[in-house]
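There are two complexes below, and they share chain A, which is joined by chain B in the first and by chain C in the second.
The block that comes next holds the complex of A and B.
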């Protein structure tokens, strides 16, 4: 009798704590949302859009790396494919509205992601990373050679056009809120994926793959699906980026870009939802601020130093460390 | 929006005209933004020393234009068109930058020129090679000052053929830039009675050139043409030197090579290479005098890009002073109307497509025996007259030419 009362009490306490935590999360998210909505009135909108595009790219990458434990070294290929496809379509077919261009870019990256996944998923660990890198290099050389990408010169003058044929995206403010809406949508999607049963399986695969197999899960299928979703979101980030900047360039396809997204995710905190967003904001800001200031000759060494420091001293990244700190000191 | 601005501006301008031809310098400040690769592959040819050259020009001009102060902002372009475009957008939209100078990677130059056109500001591109910048990508808002790939192919190839290099073997970087350069060279060589007997494409970028150089050597061609750039060119030259290519009687013709590259390679490795340059520090007293001052500031000799940044900034400031305005179109017209005569160029003129045309020079890298000092690297073989060097307007695809 006593026992059962106790267990309901415990259950109630757990639920209450869960609720309190949810409320805390909601509050944090609400404050962040308000900040994001107000940001373009204070900060430069194009710069904010750049951060959002890279944040989405990092969120996509983190879904694969942080939650499934697959280190892809070829995500630049999806970013670039999204960007080039959207750019090419919007530049050459003036009847196309912007959202169709972006959807087409995302689809192209999804198809490429499927092909990458089917080939690379057969190997594990470093071999997996190398296969994705090799495939991404193939894609890079294809874009270097192709006429439609403009090679080294890049693709320029991509029209922003009108959303659904109505909303004029040439206006930076309109463009910003569209990018923000897409970003929040994708962020919520990833949040939903991670907390779904599907997401639990992904985490199980990350923690102990043989065990997930022994529990009867078809691990390869889960991996492929996670890879494809990640590639699609990366492609979406690339598509939006090409519309925002009105250009698509080889930089996006270069393996440096695959490295940069790893840096963003690690600095921010891999395996956390907010980590890649914070990481992308941090890296883009550091690059940008340093490029203006007296330290501009040292951007790459400084970023390298930050990377080494993160890996050696702050393994769980900015967000991860903050979470740890909160847990330790604030219960 | 921009239309409104333009209308408003012209309305204001015409009122002022009536009121005594008093043109304006906006905010009583001429603001120059210097954008270049400060930390990457192209750092040496423009980079921080280019900023020094720009500051020298402002100092020599006197620090003020018609009483208005001159300000400089600078940023690293990271060789990335999106970083550059967000930087330049902020410069022109929020910080009232009137002119953007520097710019190296062609993707950066094209991206920036589109933004300048949108906002009606001026850009003077000194570092880029691509001739498309004033061809299909020309805008009424930028000027391409120092050189481009057309005279590089044209100058080097025709001169080398005329000097007896009849048979050519091409070593080409396998992407758009290299292929375009190769086909330009092929045309010029054939037009001058030479022949391209073979070509090999190497991936971009390549570290190990030995198999390509061996093929070039085995071809028995008089000349090995390098249709590549940057580290590809220097790597190819190093390998060629190790294999004794030039010592065995073949000539190496590099199409895009800067003084700083040659300096890094050294006369021993680079000797005998023929190349086209827009300027060389040791040409006459005027260039030497300026280069000495530059060396005092920076510790190195200037490349043609450094000299071009100095010359173009001075020309810009003179034109702002003469026009009494920092409005992009007024200044550009003034710059086009005034020929450029300074240590960089003699009778240089800016064409309607934005191309600054001036004499180019065919140079050969000295042997270690000929070279008297660290920077004594070129001997000028021939001056290529301006009208022969650059792409004629009749072949231009620029929208401004047809108007």
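The block that comes next holds the complex of A and C.
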């Protein structure tokens, strides 16, 4: 027998192809990392931190929406809970180091995420969106009424403190690198989750839930876990945001914030890893630029227009469209 | 003075009345949402904006052209309904057949645009609209004072709700609508213009919201953002009632208004949250809502 192609050759070819792709990915990530490390020398660090916090928020949201197919319209609750908890602890217990405050905020959001998940997970599609929205509204009213949040005024003057009691975070550069490190850690974590067997099941649930059930997966459990992880990361984003800005306000709890994170994810490209990061960067920049110019009162309608345009014309978002383009023309 | 649970009867019945009125608005709004959702499977996030448009159009028509309340009661919903049909025709139709989530996101964007633009024009401080003369004053029922206008709102809202329920559940037109959503191809085969039916249904749901807006104009502060928070409450009402059910939307709407009124009497701080609390409890024991079918 003289079969010119044998299976080991094919296998080798596939592995080589995979390696080449991985190398390309590594290159891209390496360049991005260098840019992020150098960025605060060129741009205002607080603005960059704002982008990073929202990017983390969107990455967290995307884990649920883009990869599991669950649209939560209540993610603002986790952002706010993280922020308020961290803010309250750091303001009132001066012995607490910053990282403990952030961890506590993240835990609080995790607990709330678990409660949300247990209440909403049996609903699907738009029902799920409405239930999460209403639950988040309940949380919003709680924060409006509570004294510790400062109500409409918000929580001001949250001390940044020292990381591990050593690194002074009042310095914007120090703060930036801490936020960047946390962001990269979370991004890699989500990347790992998505490509793990657990992540594959999530994708299967998104594509065809009844089939996932019939394959013997307890889909509710997977969905709850995805929800809780997403809520925890969203809380972490809120915690860091309150430390960076030394401020936590009702804006973070309002349902507009839940809408904004959907917009970021959708514009950037849902279901892609980089999409939410690109989307958050885009939206934060658009808001910032508009606020500077003559259109400062038109931020909401313009964001609404972007929403409508994205849903109608390019549903895969910026990163998704680029990927499609690359596949068609270069692949 | 008569006291009930330590609260004067007049106060209690006054709050109950306000509750029933709020409930009538919730019923009208959740009914519109339920019609649009039940028949078209669209979650209309722009519903609050349409409610606001109804009220705003009433005020603006009066200010510009002196159009009175009775004319506005018909004209405003028609105008807003026509606007809704345009949205359906030019925007929603393009994403028909996609995941329902996209209709929610699309209408959310539309709501942001409408509210944002109008906020720039009219501000958020509230426009004044005076009560029609006929409705000034009220009657003394012995235990409470009933303003005529509030009585009118309750009566007319209930009539409209019942009429809508009747048309959809009991008439041939309603049967067409329901059949058109079950199997639109088959219905088209029977010579029914389903796309037209869809447009009209969306327009009708929007009209209900705008009608509620006109009713609200004389008693609530009319601002471009008046619909946005109401909408979230109405979403909760719809979840409590069960999405598929038209009758359920009406009953739950009024019930929730009353519960809100009672909470305002006995424990005011919780009054804006109580409906969401009820929702949580209902979800724990009846995940499909009080009147919902098994999903």
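As a working rule, the second predicted complex is superposed on the first by the 326 of 331 C-alpha atoms of A that agree within 3 Å, B and C clash if a C-alpha of one lies under 4 Å from a C-alpha of the other, contacts with A are read in each partner's own complex, and residues count from 1 in each chain.
The rule is short, and it goes like this: a contact is a pair of C-beta atoms (placed from the backbone, for glycine too) under 8 Å apart; a residue touches a chain by one contact, two chains touch by 3 or more.
Quantities reported herein were computed from a predicted structural model and do not represent experimental measurements.
> Give one of first, second, both or neither to describe whether A:312 is in contact with chain B, with chain C, with both, or with none.
Only chain C; A:312 stays clear of chain B.
> If you stack the two complexes on chain A, which partner ends up touching A:119: first (chain B), second (chain C), both, or neither?
second
> Going by the contact rule stated at the top, is it chain B or chain C that touches a larger number of residues on chain A?
C
> Could you tell me if A:141 is touching chain B, chain C, both of them or neither one (first, second, both, neither)?
both
> Quick one: is A:157 in contact with chain B, with chain C, with both, or with neither? Answer first, second, both or neither.
A:157: touches chain B, not chain C.
> Kindly classify A:291 by the partners it touches after superposition: chain B alone (first), chain C alone (second), both, or neither?
first
> A:300 contacts which: chain B (first), chain C (second), both, neither?
A:300 contacts both chain B and chain C.
> Just to be sure I read the superposition right, which of the two partners does A:281 touch: chain B = first, chain C = second, or both, or neither?
The answer is neither, since A:281 touches no partner chain.
> Contacts for A:127 in the overlay, against chain B (first) and chain C (second): which applies, first, second, both or neither?
The second partner, chain C, only.
> If you stack the two complexes on chain A, which partner ends up touching A:85: first (chain B), second (chain C), both, or neither?
neither
> If I apply the document's touch criterion, which positions on chain A are contacted by chain B in one structure and by chain C in the other?
On chain A, the residues that contact chain B in one structure and chain C in the other are 141, 144-145, 297-300.
> In the complex of these two chains, what residues of chain B are touching chain A?
Checking each residue of chain B against chain A gives 38-40, 43, 48, 73-83, 85-87, 89-90, 94, 105-107, 110-111, 114, 130, 132, 137, 174-177, 203-204.
> So in the complex, the part of chain A that touches chain C is made up of which residues?
Chain A residues touching chain C: 71, 119-120, 122-127, 129-131, 133-135, 137-138, 141-142, 144-145, 255, 259, 262, 266, 297-308, 311-312, 315.
> Which of the residues in chain A end up touching chain B in this complex?
The touching residues are 44, 46-47, 50, 141, 144-145, 147, 150-154, 156-157, 241, 245-247, 249-251, 287-288, 290-292, 296-300.
> For the complex, which residues does chain C have touching chain A?
Residue list for chain C touching chain A: 43, 91, 94-95, 99-102, 104-106, 108-117, 119-120, 232, 235-236, 238-239, 243, 269, 272-273, 276-277, 279-280, 283-284, 287, 295.
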